[in-house]
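Shared chain: subunit A. Partners: subunit B in the first complex, subunit C in the second.
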Partner chain A sequence: MHHPYIDKYAELDSPIHRIDPRVKIICAILIILGIIFTEPTSAVSFICYGIFLSILVILSRIPVSFILARSSVVIPFVIMIAIFIPFVKEGKVAGAYSFGTLKLTVTYNGLVILLNVLVKSYLSVLCMTVFTASLKFSVLLKAFERLKFPNLLIMIFSFMYRYIFVVIDELMHVKQAKDSRTVGGGRLSHTKTLANVLGVLFVRSYERAESVYIAMRSRGFNGTINTLYDFRLRVADIAFVVIVLGFVAIARFSSAI
Partner chain B sequence: MHIPDGFLSANTWVPAWIISAGGLGFCLKKVGTVLKDKTVPLMGVVSAFVFAAQMLNFPVIGGTSGHLLGGVLAAVLLGPYAGAISIAVILTIQCIIFQDGGLTALGANIFNMSFIGTIGGFYAYKIIKSIVAGNTGILVSAAIAAWLSVVAASSGCAIELSLSGTSPLRVALPAMAGIHALIGIGESIITCMVVSFVLKVRPDLVYNE
Partner chain C sequence: MIKSIVEIENLSFSYPDGTPALKNISLKIAQGEKVGIVGPNGAGKSTFLLHLNGIYRGTGFVRIDGLDIADKNLSVIRRKVGIIFQDPDNQLFMPTVFDDVAFGPINMQYDRERAVRASEEALQKVEMGYASKRTSHHLSYGEKKRVSIATVLSMSPELIAFDEPTSNLDPKARNHLMDLINKLERTIIIASHDLGMIYEICGRTMVLDRGALVADGATAQILADKAFLKKHNLL
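Moving on to the complex of A and B:
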């Protein structure tokens, strides 16, 4: 079966794809921290980040439609915050509405909060999408390992990545079998069937894990995995870090003007 | 409930990151002493299972559908620490690969769903199980704990948002807990049914201290 979930655009070739994975991780964190710590009112900084990230998106050759779809995950949260805006009482009133006996006031303070979280979350998602969509997950994990993240956790991640496709395949097979035998799915009465599907999946996954462990053990696995060191820092990578640092500084400085 | 970047202020997400990183380290150590070199394959494959289980939508009353959060399910089947690790692993994957939840907010998301939802949910399960005996006890307590875990995790989320000054607590808390009290019903039913299935097929796989 086809799995479009992970690594969809990681095979493309672009200046962004060629950057050292470790550099990408550090730069992504730098940019997100820069965005998070920007003053809510400094619009110029946000525009700077917007332009910079848009340039990165274009350079990376990842389809804009994909990036837009990915960034839609922030919408539910933004709506949730938007609902609370009328209840933020402090500050200057921007407008008042009354629905029968219910009187709601919208303050500038509330609108600033909404705009702040909307812009920051959107820019951060944009940043994460550019950097992680241009990176294969296995390479990303290796980069985390080189950056001295806990080895045990990285191994769990790499195992999960390896078996996600196997488990999802199994789930799809069981689901297909279920769908071809039941009509009008989505009814409440099907909940029990779905629960049994999950139960089967759990038992099978657990048994698979046990046989994987035995297979590994019989091949000499002792709890650690050794991989070859194959990352090399190029001049272009260092240049990229300098550019990112320069940009975060410019965005920061521009708010002071 | 996956908080994006920008919704939490530094005085909330930095401590949440520290607590979650420390807590995760503690869980890994606990699980490592029991599973030893089995930790990696088992946690990896089982995390993949929870990830796949979250993809499956189930019908909720009124024609809408929801998906499993799986905190209590993971805890009942794997135990609190292994359950918390697999939920944290999934949250991290969702953050990095799907941008579902922010990088700075990841600590808070892990705190809500792994620690409040899974470990907290497990202790709720354990307490109720000690009152109601037998397999019925396991099912009843899994169902109640699943509902509690969803409501508690969402309350944690509301409290963090209000600590950050993003939304006032007196509105956010009832709203979040209220919505999730409904979502929790689906979680509760599905958790109970999956546990009941595993109890019938492989009762040895249900976590027992």
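Moving on to the complex of A and C:
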């Protein structure tokens, strides 16, 4: 069955693709920290970050549509959380509305923060998207492992990535079997079968976990997963870190103008 | 005299819920032998295989290459006995094919160079060298089966046990896999109800039914006895 892979464009060759994976992670964190600590009102800095990230996207040769689609996934979640800020933040009132007994006021302060949250989260996700889309997921995990991230966390991600497609395939099969035998019936009865489908999936995943564990023990697994690395730091990688650091400093400085 | 690599005496096993799975099994398998274990679904074939490397422990004696199945011997025994499971999605759990093949050697504390060499050789043997950097969910079913064999070959086991190696394979992939198994110069145990494959690969066959060993002898002789096979739901 066909799945959309997040590392679909990891095999391309570009200056961005060639950067050491560990350097990519560190640079992504640096840029994100830079974005987070930018003053909410310094639009110039945000524009700087936008331009810089756009340059990275162009350099990476990954289709812009792919990057936009991937990075905009986060927006609905941010809106869901941040939408209440303008209503609860105190300050100069921009507008007041009343619905019967319910009175709502929107403040300028709150609006600025809402915009700030949206811009910052989008830029951060855009930054992560550029770097992760140019990496194979397995390499990304190895880079995290090399950077001494907790092994347990990496194992969880590794298994999740390995088995999510297997579980999705199982879901599709169960769904096809269900649809083949479903004739008519209201929405409610369909929802009830969905609950059963989820139950079946849970049991299957649980049993698979058991089988995988047996397969792991059979090959000498004793609690820690080790893999072999093949990373080498080049001059270009160091240069990239310097460029990123320099850029973050410029973006910071530009807000002072 | 050829030494026995597997010695089992009076092995019985029940699942935690009390269902008996293996009943009083005794057998010996000599080094280099190719043995087929046939039996209907639920006969206990897979359960039997998991006793060979101490994942399950029943009552009675199981000895691998002279070593009792006991905690202190487990790491050595798991190096000697490679099990290839029926579902390759369970056998291949690492992010890339190479990591999967190197999983065993690394756990066996091979140094880096040796682990890489063992893994590359194993992939070559199953003709999957080209896929070493791929993720296993991108492979075809036949390719996954072959990589599964490599994950065990890389540990250079003395005994390889297969659980239904030809299930779900199309005829071409099945033939390819059978060729591969035939070329392995090791002791081989195949649990299956693909009688055609057993006939071609294994000189000796054991029949398991409802957890009991009901026949043990030359493959040609056992497979020729149609009445016997029918009686045990194999025909």
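What we mean here is this: the second predicted complex is superposed on the first by the 215 of 257 C-alpha atoms of A that agree within 3 Å, B and C clash if a C-alpha of one lies under 4 Å from a C-alpha of the other, contacts with A are read in each partner's own complex, and residues count from 1 in each chain.
Please note the rule applied: a contact is a pair of C-beta atoms (placed from the backbone, for glycine too) under 8 Å apart; a residue touches a chain by one contact, two chains touch by 3 or more.
Predicted, not measured: the structure shown is a model, and the values here were computed from it.
Clash-free side-by-side placement of subunit B and subunit C is the outcome of superposition onto subunit A. By the touch criterion defined above, A:S138 reaches subunit C but does not reach subunit B. Contacts of A:R208 after superposition on the shared chain: both subunit B and subunit C are touched. Once chain A of one complex is fitted onto chain A of the other, the partner contacts of A:R217 extend to both subunit B and subunit C.
After overlaying the two complexes on the shared chain, residue contacts for A:R162 are found with subunit B and with subunit C alike. Residue contacts after overlaying the shared chain place A:K120 against subunit B, while subunit C stays out of touching range. One of subunit B and subunit C touches more residues of subunit A, and that partner is B. When the shared chain is aligned, no partner comes close enough to touch A:F253: not subunit B, not subunit C.
In the superposition on chain A, A:I83 makes contact with subunit B only, while subunit C stays out of contact range.
Once the two complexes are laid over each other on the shared chain, residue contacts for A:V73 go to subunit B alone; subunit C is not touched. Shortest separation of subunit B and subunit C in the overlay equals 8 Å (C-alpha atoms, whole Å). The intersection of subunit A residues touching subunit B with those touching subunit C, taken from the two complexes, comprises 137, 158-159, 161-163, 166, 208, 212, 216-217, 221-222. Chain contact summary for the complex, subunit B toward subunit A: residues 2-7, 10, 24-25, 28, 32, 36-49, 51-53, 55-56, 58-59, 61, 63, 65, 68, 77, 85, 89, 92-93, 95-100, 102-104, 161, 165-168, 171-172, 175-176, 189-190, 193-194, 196-198, 201-202, 205. Touching subunit C in their complex are the following residues of subunit A: 3, 136-138, 141, 158-159, 161-163, 165-166, 208, 211-212, 214-222, 225-228.
Every residue of subunit C that touches subunit A in the complex is listed here, in rising order: 50, 53, 55, 75, 78-79, 82-83, 85, 87, 89-96, 99, 102-104, 106-108, 112, 115-116, 133, 135-137, 151-152, 155. Listing the residues of subunit A that touch subunit B in their complex gives 5-6, 28-29, 32-33, 35-37, 70-71, 73-74, 77, 80-81, 83-84, 87-88, 113, 116-117, 119-121, 123-125, 128-129, 132, 137, 140, 150, 152-153, 155-164, 166-168, 170-171, 175, 186-188, 190-192, 194-203, 205-206, 208-210, 212-213, 216-217, 221-223.
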